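Please find the structures below.
Okay, so subunit A shows up in both of these, paired with subunit B first and subunit C after.
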Partner chain A sequence: MRRSIPTVVVTVIGLILLADFIVANPTLDRVAGAVSEWIMLLAAAAALTGAIALVATHGRALLQRGTDRIGSAVLLLGLALMLIAGFRPGSSGSSDPMTRWLVAALLAPLIASLFALLFFFLLAAIRRGLAIRSRETSLMVVVALAVLVLLLPLGGALGGWLAAAAGWSLSGPIGAVFRGMLIGVAVMGAITAARLLFGVEGTDE
Partner chain B sequence: MSSAWRRRAFLAPIVLLVLLSLAELAPRLSALQLANPDASRAEALRAALAAVPADGVALVDIDADLGTYPEVRPAVRAALDQLVRRGVRIAVVSFSAEGRAIASAELDRMQRLAPAAPLLDLGFRSGAEAGLVRSVRSIVPEGVGGAVAAEIRRRGGGLAAFDAALLIGGGEIGPRAWVEQVRTRVPQLQMVAIAPSVLQPELEPYRASGQLKALLATVRDDVAYVSAVGGWSAPRPGVAPVSGREPSALAILLGMLVAIGVLVEALAGHLLGPVGSPASRGQEER
Partner chain C sequence: MPNIGDLVGRVIGLVGELIGSSSLRLGIAPTLVILGLLLVLLSLLARPAGRWTPGDRGHLARTGHLMALAAEAGTEAAFSLGTAGVARGTRALDRLQTLAALPILGHVARAAARGGVTLRVTANDPVAVLLAEQTVEQAHRRMGTLERLSESGVTYVGEGRPTAAALALAEQQVWGGAFVAGGLAEEGLLLLHGMADGATATSFGSADVGQAPMLLLEGEGTLVGPELYQTPGDIRSTVQDWTAAFTANRLIWLTVAVLVGASALLLLGVPGIPAFFTGR
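Now for the complex of A and B:
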């Protein structure tokens, strides 16, 4: 019974949205619009719940002198700063100059710097990968080397040839592999949805 | 792990950072070319944005990720500048929290550089893809006024009111979601996209099929586009260029050569000898 209620809800909502997509009917349109509003409200509620849970977890870690108190303190401080910038009296929310400064001068460079560290982490991970799963990682390294060479920013005839080859490889073999993966994911998604709708999920596991 | 290897691993990133900084400061070399020699993709975006009527309304969806946005930022700014220079009315919207943060900063910048530009901030629409679907019918929030908002409402108030949509893609809500959710409902809306390289393989089929009128999804195409619309140069003396300084091809080349060197060394060490190879070092580290 507990499992059938979510299944019924998912089935009904899915069918309403699908029917609205196919049939032009004002009543159906209004119902589908209301369902979309509920989904947005649920997403907002989930985001709020997540934020409260985050504060509770890190607040507890701070009070109970957890292992990463500095990290928890920085997280809560950052959260408080953003909330103050957006909610202080006279603030215009996300358009407020203070919020914009925090994003443009602090948040964006910090996240971009973290992202740039991927360069080092990826190279280190490949070295370790060669030790653990050598055959697969070797193949990946060879392909990565080929793509890197094709993307070298050289001028002249050689640069033109490399750029043309890079374009072909991105739209040809690499694109084909990626599209195959996407199609596979979509098919698996459809199968999982069908199993959920017919209540057969997890029975063979 | 030996102390020599540990010292090398500690010093290597520092040396690389110093070299990258020097390369960034060095004068540009003519032997290197960052812009893609095949400018067809850059030209497609330039032409698509030039085709928006001067009295038209363009929607700019900024849903990039903060991590990958620096890669596409010059092209995004150049595209916004191309629209602003022609007097096209622009409405900016976001469906992701990170996108909203970026949009807020870009709006601030545009309002400083072009105070008279007809811009409308549609803000953040919650609900991710559900919010996107909801916007097909109505995208202007209640209480938002001004000439641009009035024009969008006069045209119906939904996504069909726009002459074109410039999609700044990210991992959460990107051009793919727009093609899947909006293209099927508003087929007449012309969509062009700027996305980071990581999204290129999944977006290329949409460009090839014409569902995306234009797509920039590599650094080399971005640089070619910014060069094509004159984004690296200042519009008049004393005014900062729209897209900042052109990325240093030498710094990028240096980073790529280091990556190639590390990969070749790791692969050769693994294939040629077990003693002192990355494989044995990896086993030690484990």
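Now for the complex of A and C:
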């Protein structure tokens, strides 16, 4: 009984949204719109719950030995800073200049610096890949180098030929592989979604 | 006093009005295709044609052996549900990947419970954390090891895709086994590298096509593209759960046949093929 209630809810809500996708009806449109709003409210509540759980987890970590107390302290400090910037008297919330400054001056550079590491970790990943699957990784590296050469910003006749070859390879073999994978993912995604919708697929056996 | 007949008449009238004021958004053919696929083919007709012996997708068949080695070595196992989440996912396909990863988590959690290995699960979405907690608890319940449930843990790492990747890179822990299953994006390589660093064995899976090379570079066992959705059928014990793989094969052939047939008709000069299939 405990497990059948969520299954019934999933099935009913899913069928309402599916019917709204197929059938144009004002009443059904309103019902589906209301359901979509409930989902957004639930997502907001889940985000709030997650924030509270985060504070509780790292607050507990501050009091325990053997945990990353500095990391937890930095996390809680950052959380407090953003909350103060957004909730202080006179603040306009997420569009407040102080909040936007914190995001632009602290958060965005941190994320950018993290993604700047991608190239170096790609080299490390290639080294690991060569250790795990030397033949397949070697082939991938050769193809990647070939694509790099094709994408070189050269001028003249050579540059034109390289650009044409790059365009052909992206729209031809590379595009075909990605399209094939996307078709497979779409088909399997539809099957998984249908099985979840009708309660055939459990989240765990 | 209103009688039953009046009430039924009003209900029928209301239903009639609703039907009368409705129309099909997509047209008849696409609607029939969607309903036919979802309701008929996937739910009613899909049956396994025979015994299907899968390969060891993602090296998940050796999870039990891995957990036994981890128990001997005293190491823990780590499982990341990707960075797409459920409530925070902007695309339905991203959310679906997280849901498809839960049976894989269940499989790993059962092996960890059986082997007495601590399992650390991470997710960057509160709803995914809740689902993961239920999955881990169910695994311990099935294995009869509820007394060890408190040793394992599901952690909410915070909002944002880069957060999960940064945490994986920052943690300096040797894992007996590292698993990633779910949606990934540009930060995928960082998350996979952080999880794989120092891990005795790895199994990584994502249906994000763009991250396929990263999975192949970093993971020993990999689930690339549709394999993430096929794997729950692999690791389950009943034949009925293999229907997804058979259904997928039939649908893929059907899709290819439709594409080839429609292309041939277009080449022969038959007009209106795209309009027929899209209902426009």
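By definition in this document, the second predicted complex is superposed on the first by the 194 of 205 C-alpha atoms of A that agree within 3 Å, B and C clash if a C-alpha of one lies under 4 Å from a C-alpha of the other, contacts with A are read in each partner's own complex, and residues count from 1 in each chain.
Criterion: contacts are C-beta pairs under 8 Å (C-beta built on N, C-alpha and C of every residue); 3 or more make two chains touch, one makes a residue touch a chain.
All figures in this text were calculated on a predicted structure; none of them were measured in a lab.
Q: Is A:G184 in contact with subunit B, with subunit C, with both, or with neither (first, second, both, neither)?
A: second
Q: Would you check which partner chain A:V74 touches, where first means subunit B only, second means subunit C only, and both and neither mean what they say?
A: neither
Q: Check whether A:L106 is in contact with subunit B, with subunit C, with both or with neither, and answer first, second, both or neither.
A: neither
Q: Check the residue A:L63 against both partner chains and state whether it touches subunit B (first), subunit C (second), both, or neither.
A: Once the two structures are laid over each other on A, A:L63 reaches no partner at all.
Q: So, does A:L114 touch the first partner subunit B, the second partner subunit C, both, or neither?
A: Touch partners of A:L114: subunit B and subunit C.
Q: Identify the partner contact of A:V8: answer first if only subunit B is touched, second if only subunit C is, both if each is, neither if none is.
A: Neither partner.
Q: Examine A:L158 and indicate which partner it touches, taking first as subunit B and second as subunit C; both and neither are also allowed.
A: So A:L158 meets neither subunit B nor subunit C here.
Q: So, does A:F198 touch the first partner subunit B, the second partner subunit C, both, or neither?
A: So A:F198 only meets subunit C here.
Q: Please indicate which partner A:R128 is in contact with in the superposed arrangement: first for subunit B, second for subunit C, both, or neither.
A: both
Q: Starting from the residues of subunit A touching subunit B, keep only those that also touch subunit C in the other complex, and list them.
A: In subunit A, residues 21, 43, 47, 111, 114-115, 126, 128, 132, 178, 182 are touched by subunit B and also by subunit C.
Q: Across the complex, what residues on subunit A touch subunit C?
A: Where subunit A meets subunit C, its residues are 18, 21-28, 42-43, 46-47, 49-51, 53-54, 57, 71, 75, 110-111, 114-115, 117-118, 121-122, 124-126, 128-129, 132-133, 136-137, 140, 178, 181-185, 187-198, 200-205.
Q: Flag every residue of subunit B that touches subunit A in the complex, lowest number first.
A: Against subunit A, the touching part of subunit B is residues 13, 30-34, 36-38, 66-70, 100-102, 104-105, 107-108, 121, 123-124, 126-128, 130-131, 133-134, 137, 184, 200-202, 204-205, 208, 218, 220, 249, 252-253, 255-256, 259-260, 262-264, 266-267, 270-271, 278-283, 285-286.
Q: In their complex, what parts of subunit A are in touch with subunit B?
A: Touch residues, subunit A against subunit B: 21, 33, 36-37, 39-40, 43-44, 47, 94-95, 97, 99-100, 103-104, 107-108, 111-112, 114-115, 119-120, 123, 126-128, 130-132, 134, 138, 141-142, 144-145, 148-149, 151-156, 159-160, 163-164, 167, 170-171, 174-175, 177-179, 182.
Q: In the complex, go through subunit C and note every residue touching subunit A.
A: Going through subunit C, the ones touching subunit A are 18, 21-26, 31, 34-35, 37-38, 42-43, 87-88, 92-93, 96, 99-100, 102-103, 105-106, 125-127, 129, 131, 134-135, 138-139, 155-156, 158-160, 162, 165-166, 170, 186-187, 189-190, 192-193, 196, 207, 209, 212-214, 216-220, 224-226, 228-230, 232, 236-237, 241, 244, 247-248, 251-252, 255.
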